[in-house]
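Worksheet: the structure to be examined is printed underneath.
As written, the chain order gives the labels A, B, C, D, E and F, with residue 1 at the start of each chain.
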């Protein structure tokens, strides 16, 4: 009897962004976001750990085709890679590009794209000391 | 009152293997496993993160003796280290040595060996960008 | 509708300690703790992964202010950093400074300090191959 | 007799930038810089490995005061951290902010600031797979 | 005046191999290579750090086109990736596939392919604790 | 014709120490060493990268036997591992256990033990952000 196993693959992208809330005044924005509020923006190398879960297919010994998974994730990351998140990704036009919101954006997009029921966990590293997670 | 704590230790082994399913024809095997289907085999440095959980013993402050744990895990890994998994480990004679199946093999073996109820989680890294997990 | 997201931040401190149980005799202490029982003590670079969870504040897009979180954690770690745990931290005067107990100490202290309900998970690395975890 | 020893310390900063050369036309810029030419910019977590060399002071056992070194380097990095390099750092107003030029900028600035003769080597990581070096 | 800067890029490949010398008898082979002499072979995730050096081109700010460099290195690694080195790479038919010889093989091949004078240093990691280097 | 290749192997040890100079008064010691001057000591996980260089032996394809090298290095590190450097290693009785001096101690000891002419470079990591080097 096969049991449920998880597969985690790691992806990355580089992007610029700025943290600034339209519902807060200038002084409050600086207080909350500090250097991340710099109007000219700044950037990060983001890293993603994506986990899918399921029972290995007895014929292949695998939960999901790596080729298929990579294709779907890379096609999503292509929209973010080497971009300015706030200016070039419509989702962040009126939503702050905080790590919390970026990981939620990725989750929503991927949930649609990989047949949902298998996407199990998503971790986004903004720097080596800072990460954001979402899971079932 | 003591609470439940987890201890994770990291181990590693190097091995060769080949992904090839006897229930699939040659063309399908290449499609599913791509370069991993290369008949001559290839290899990896595998890394294992093993987690046991329990209440610390009030006398020692520890869940489990590290010496005991290391001894059991290393005696298991000795069977895989610097081996060809498909040719030298009987479990993989008729089971594909995918990451999913290797982590399940380790779980089954360790479950027997460390008194089961404490083994909590097992993560197997095949490369730096690829890992497999199993847990309670 | 906002969903629950986790934020993990990484901190570190360096400290000396010795593992020795007063309820065990000398021979048993050496058997249990091996080289960690060395009377002169030894030391580690400890690393902490602290996870808080919650719904992002719609105004800031963030679960918690990083400045506030850092301030609380760093003020706690200040008591441990570049210290001898057994001799200088009162909690370990009559409790063994095993990884299991250190992570529990941190949890108890932080639970009090960050409004408890958001602290979700704590992982303490003693070496690169050894970690201890506690969570809800 | 004391011998020459090197000390390396690691620092980091996050910044946005865009690669675009005014001496090349639009088509050539895209060909040369590819996605790094995106007009909205992108960003990275940069990491610096700074090496100074010298004979340890017999009184302190150290080549240089870490406090002094940190103060000088951090005051320099403060000008880059969470900034848009091309728009906010005058050096890059008419110089492309390639890794090659950023490491040279850091070298020039630090050479002036740490008494030159001891600065020995500088390595700038743009991503985990990309670094730039300069040394005596 | 432009100065000489180095660029290092990191690549990886996975392969199987076996260490066995035809000039040594069986007993001596086991003594020298230990578990690496296992007749069925074993494998590794190899990592390469390749360094080129030169003066940045004033028009591009770069020593060498990353696209060009990647293309040349990846076309070489394609011959090794997911292969059995001894059985599938002619260079190792009569040469032991030790780390020392693999790094020399890569150097020779790349020296021919990237216009030699710029290739400066090559580091091959066989495991996380083992690396081999060659440079000018 | 064989060329010179370098082999680097990584080792580690954990130890306690205190930075305090007998030629400086109390106030100056605190100024120079800051938290590292704490009388109760503190500790680190030290990591060593040891590089030997030479021409690969045509019979084995290797510069030096890994078994032999490991044996010599580990027998040296055994004297430091899980020890208090200042109290238990005679070399540091009247020499400050700064990273600079520890790497010199290791160099002197190893120079004697591995036939000197092949030891090429030694790097000691005190923390993830701090390292010390010595080489020919």
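Assume a contact is a pair of C-beta atoms (placed from the backbone, for glycine too) under 8 Å apart; a residue touches a chain by one contact, two chains touch by 3 or more.
Because the structure is predicted, anything quoted here is derived from the model rather than measured.
Participant: Give me the fewest steps it takes to get from chain C to chain D if each step has to go to a chain it touches.
Facilitator: 2
Participant: Since chain C and chain F are copies that touch, just let me know if over half of their interface numbering is common to both, same, or not, different.
Facilitator: same
Participant: Counting in whole Å, what is the centre-to-centre distance of chain A and chain D, each centre being its mean C-alpha position?
Facilitator: One centre to the other, that is 28 Å.
Participant: Indicate the whole-number Å distance between the mean C-alpha point of chain A and the mean C-alpha point of chain F.
Facilitator: 41
Participant: Would you give the residues of chain D that are in contact with at least 2 other chains, written as numbers and ranges?
Facilitator: 128
Participant: All pairs of touching chains?
Facilitator: A-B, A-C, A-D, B-C, B-E, C-F, D-E, D-F, E-F
Participant: Please name which positions on chain A make contact with chain B in the complex.
Facilitator: 2-11, 51, 56, 58-63, 65-67
Participant: In the complex formed with chain C, which residues of chain A make contact?
Facilitator: Where chain A meets chain C, its residues are 19, 21, 23-24, 32-34, 95-101, 103-104, 128-134.
Participant: Taking the touch rule as given, give the residues of chain F at its contact with chain C in the complex, in rising order.
Facilitator: 12, 14-17, 35-36, 38, 40-45, 81-84, 87-88, 127-128
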